[in-house]
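One chain, chain A, links the two complexes that follow: it is found with chain B in the first and with chain C in the second.
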Partner chain A sequence: MKLDASTYRLSEAGRPGQIGLILGLLGLIAGGAGYWVDSEQFFFSYLTAFFYWFTFAIGGLFFVLLHHLVAATWSVVIRRLAESVMATVPFMALLFIPILFGVHDLYHWSHAEAVADDVLLQGKAPYLNFGFFALRAALYFGIWTLLSYLLRKISFKQDKGEVQDFPHKTAFISAPGMIAFALTLTFASFDWLMTLDPHWYSTIFGVYIFSGCVVSIFAFMILTFRFLGKNKILTETITIEHYHDMGKMLFAFMVFWAYMAFSQYFIIWYGNVPEETIWFIHRWEGSWKTISLLLVFGNFGIPFFILITRVAKRAGLMMVIMPIWLLIMHWIDIFWIVTPTLHKHGYHISWMDPALTIGIGGIFFYLVWSRFIARPIIPVGDPKLKASINSLSH
Partner chain B sequence: MSSSTEHIEEPLIKGNPSFGKITSVISRISEKKAPRMWYVAISITSSLAALMFVSIGYLVWEGVGIWGLNNPVGWGWAIINFVFWVGIGHAGTLISAILFLLRQKWRTSINRFAEAMTLFAVMCALVFPGIHVGRIWIAYYMFPLPNQMDMWPNFRSPLLWDVFAVGTYFTVSLMFWYVGLIPDLATLRDRATTKLRKFVLGILAVGWHGGNRQWKHYELAYLILAGISTPLVLSVHSVVSTDFAVSIVPGWHTTIFPPYFVAGAIFSGFAMVMTLSIIVRKLFALEDYITLRHLERINKIMLLTGMMVGYAYSIEFFIAWYSGNIYEAFTFINRATGPYAWGYWIMITCNVVVPQMFWFKKLRNSIPVMFVISILINVGMWFERFVIVVSSLANDFLPAAWDYYSPTFWDISTFVGSFGLFLTLFLLFIRFAPIIAMSEVKGVLPEADPHHHAQDHDHKEPNDGH
Partner chain C sequence: MAIEKPYGILARFQDPGTLLKAAESIRDAGYKNFDCHSPFPIHGMDQAMGLKRSPLGWIVGATAFCGGSAALGLQWWTHAIEYPIVISGKPFFSFQAFVLVTFAMAVLGGAVAATFGMLFLNRLPRYHNHLFFSKQFETTSDDCFFISIDANDKNFKDHQSKEFLESIGGYDVELIVES
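Now for the complex of A and B:
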């Protein structure tokens, strides 16, 4: 892997992408075979895997929107990677299609006979029906694809020095884009995850999912830049100050996740209304209890005390261990949201869960990587680039 | 780099003042005789504060029956005002702590008086639950004090959590504010001409002489306090929101309440910062220090947080329908069309519709527009709490018990009086303390940067691109 010092493009760098593609195809083939073994398990595993990687893609979109919206300086140098991540959004739309075929296996509300003897589901039918569900998904992906396309296009034009007044133009996209993003992500998480239990509802659910998206994009970026750094790429450009800043964001949104998770749990627990507590009771049943406690300590308690220290955010090893740790926890979080619908009395990790997660993850990484190496890996035309490289953390 | 245009940060302070000039401009406000307007203002505000104390006196004499509370609505203006005032305080902590951690240097011009505003707002807030307890002379039972009767407050009650949350918040905010003040108090002490002034400021400045080690310790302490204050910005209003959310009253019991209340608090707090800073910069000719750029940024934050509360209103409404819970659905439709619909639509108009004007750069930079909007936002935020508290209580599960709530003279006089208290404290503050953090403003001047080159000393006029 080599970096051209004048164009900032990577050469001889196809290998990580190829590995991702091979792993991805193997995982998808193996996991796909699971459809004929146990179609219900297959779709639940697929939804977990899909949504897990979807949070990375959408996290990338959020990062770029936010970066432009606040006209940030320090993060200019890491922007291109996030842009490559959000470029996977249209492919996520393709990967969503199997879920449409699995609607009957995944979503109780999609069964006409279930709706027929359920007053609540009859009331929700105008929203929870297959046609509208698919239409909404198309709308969400349409909006995300448009935003990711526009923001990438203007960024590449900036590389060539063709954009006048870049901050204004990007803000013009990002400001309404952020509103669209907030609403679409909220309703997407309602549609795809919350309606797995069609009786249950929680107003904070969208924000809860959002917090995990931001954790995943920052963890992903830290790990990718560490990987590049190991190959002696950008070692003078992505400095310890940037890792410190990314580490702070990782820490902040990990705590934000805990804040959302606690608010949701606490208010439902204290109110003790059966139709709401049922969701947590399912997640406290049998061995699910272990997973619930693992999330409390693994996704908040332990990383909180590690990541709060300055030394962890500036240390080489911890900035590899903690992102990996939090990404594992993030997967468990999604698993913990999705799977209790299927395995009610205790957790059960099917072989399809890792197979499909590796499958979609491999394809995801291949797509990110091939887009990343196709362009200069930092926004070479950004006037704030030099200030970003030199930015100092506290 | 293919680009030739180098990024240039515009100076935050206009007019290219020297360090000495900043010191004299800011210090003189508290050194020279107060302007006549100040005396006029404080006599009005302290009369209003007196009105509040009279109202409280009558309340203690007569009891909470003098308020408009009725049978289903046991929480009226007192709780609304409590939440309102606690909310106002949040901008100060956000500016001083979170913007500090995010390295937002523009905060330096407004953080001092925003923090002071926090303290005064929390004082006003604490009045209301304090006087609402009925037997105010045993209000100390709100604290878990060991006693021979072995009587404790209910630790499961969010009202007790409030005592801790708001108490912690006030203490930390006070420490933060005071630590930040020390270098500036020392500056005032060194400039003092009378013995008394030198003595008092000398005690308050705790022996500050600006040495290297002192600055080192100071900055560490400031960073730690910022770190401690940051979760407080979120926790205080989250705990306040649990006053409502942990109950099962329709319209109160909803999981988004904690972040939604925090966003609303920051929203109203920034609106109050805006209202006050427009007056202060005009009154003391501080236009070079609190520039249009500062105000524009505050406007952007108000636009953002206004949309966050708009998001919460919409999601609540959607889930009220989606849940299939007829009580939830009724409560929200009742808010929009029922007896308090006027309050609901004031809330929507002021909090969601009006701030949309800040999409336009021209309006974002117009002082009269932002002044009016900032006041409207606080009207809207007050009504938000009114809608939440009153509409959910007045029309609850038992239609036979429904009643319409209206305030009495004493409700109004106590609330109006609390503005008197708030503004009186604020006027005293601007009279006796440096209202802009001199040492911090100096720190963001271009010449404070070690890499600063003396030759480009005359800064470019800010042509405010963004």
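Now for the complex of A and C:
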């Protein structure tokens, strides 16, 4: 792997992408075979895997929107990677298609006979029906694809020095884009995850999912830049100051996740309404209790005391261990949301869970990487680039 | 007539770059009690002056922990020991309900400690600084850069320090006296 010093493009760098593609195809073939073994388990595993990698893609979109919205300086050098991540959004739409075929296996509300017996589901039928569900998904992906397309296009034009008044033009896209992003992500998480239990509702659920998206994008970016740094690329450009800043964001959104998770739990605990508490009762039953406690301590308690220190955020080893740790915990979080619908009395990790997660993850990484190496890996035309490289944190 | 006791020595520097270089030289010469004055923060000045990291974070952390513990303890004592009342059928010690106050008190403790700890570590509030006797020092919040060395620094000697400051690019060197 080499970096061309004049164009800032990577050469001889196809290998990580190829490995991703091979792993991805193997995982998808192996996991896909599970459809003929146990179609219900397959779709639940697929939803877990899809949603897990989807949070990365949408996290990338959020990062770029936020970066332009606040006209950030420090994050200019890491912007191109986030742009490559958000470029996977249209492919996520393709990967969503199997879920449409699995609606009957996944969502109780999709069964006409269940709706006929259930007055609550009859009330929700105008919203929870297959046609509107598919239409909404198309709308969400349409909005995300449009935003990621526009922001990538203007960024590449900036590379060639063809954009004037870049901050205002990007803010013009990002400001309404951020509002659209907030609404679409909220409703997407309602549609795809919350309606797994169609009686249950939690208004904070979208924000809870969002916090995981931001954790995953920062963890992904830290690990990718560490990987580049190990290959002696951008070591003078992405400095310890940038890792410190990304570590702060990782820490902040990990805490934000805990804040949202507790708020959701607390309101439901206080209200004590059976329709709401049932969701937590399922997740406290049998061995699910272990997973719930693992999330409390593994996704908040322990990382909180490690990542709060300045030393950890500036240390080479900790900034590899903690992102990996939090990404594993983030997967468990999605698993903990999705799978209790299928395995009500205790957790059960099927072989399809890792197979499909590696499958979609490999494809995701291949897509990100091939887009990343196709362009300069830092926004070479950005006037704030030099200030970003020299930025200092405290 | 009162004996004039030197308070410190003040030297003007051309620009932020020379101020930074000068701070490094003074640090390397072994001075401890000196300060740099600039209209705006200069990146890298902390290292140039050889300042240690502020202990404020530890003060804030400890106070936040105490605030949280006190809040949790108070709620536990009042709700579970001293005056137990059944509220909506929940146990006397329902930690869920106590988290909010605990969290808020930890944040309050931390914020108060940050504010007063900062003032304490900066030796504020104080009404006057002898550097204000200097006429030229008035421009420091406008467009001038100064370094002052305290007279109580163990390396401080009037003439030697003056020559030293001039040798590293200082000019308009002025001895400030307590009167």
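Here is the rule we use: the second predicted complex is superposed on the first by the 394 of 394 C-alpha atoms of A that agree within 3 Å, B and C clash if a C-alpha of one lies under 4 Å from a C-alpha of the other, contacts with A are read in each partner's own complex, and residues count from 1 in each chain.
Everything below uses one rule, namely that contacts are C-beta pairs under 8 Å (C-beta built on N, C-alpha and C of every residue); 3 or more make two chains touch, one makes a residue touch a chain.
Remember, predicted model here, so these are calculated numbers, not experimental data.
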item	value
Superposition on chain A - do chain B and chain C clash or fit	clash
Chain A: partner with more touched residues, chain B or chain C	B
Contacts of A:Asp382 with chain B and chain C, given as first, second, both or neither	first
Which of chain B and chain C A:Ala261 touches, first, second, both or neither	neither
Which superposed partner A:Tyr270 touches (first chain B, second chain C, both, neither)	both
Contacts of A:Thr186 with chain B and chain C, given as first, second, both or neither	first
First, second, both or neither for A:Ile78, with chain B first and chain C second	neither
Clashing chain B stretch [against chain C; choices 4-12, 22-30 or 166-174]	166-174
Chain C-contacting residues of chain A that also contact chain B	266, 270, 272
Chain C - residues contacting chain A, complex	43-44, 53, 57, 88-89, 96-97, 99-100
Chain A residues touching chain B - in the complex, by the definition given at the top	71, 73, 119-120, 123-124, 127, 159-161, 165, 167-168, 171, 175, 179, 182-183, 186, 190, 199, 201-207, 255, 259-260, 263-264, 266-268, 270-273, 275, 380-387, 394
Contact footprint of chain C on chain A as seen in their complex	262, 265-266, 269-270, 272, 310, 392
For the chain B and chain A complex, residues of the former touching the latter	1-3, 5-7, 9, 101, 103, 223, 231, 234, 238, 242, 245-248, 253-259, 307, 311-312, 315-316, 319, 322-325, 359, 465-466
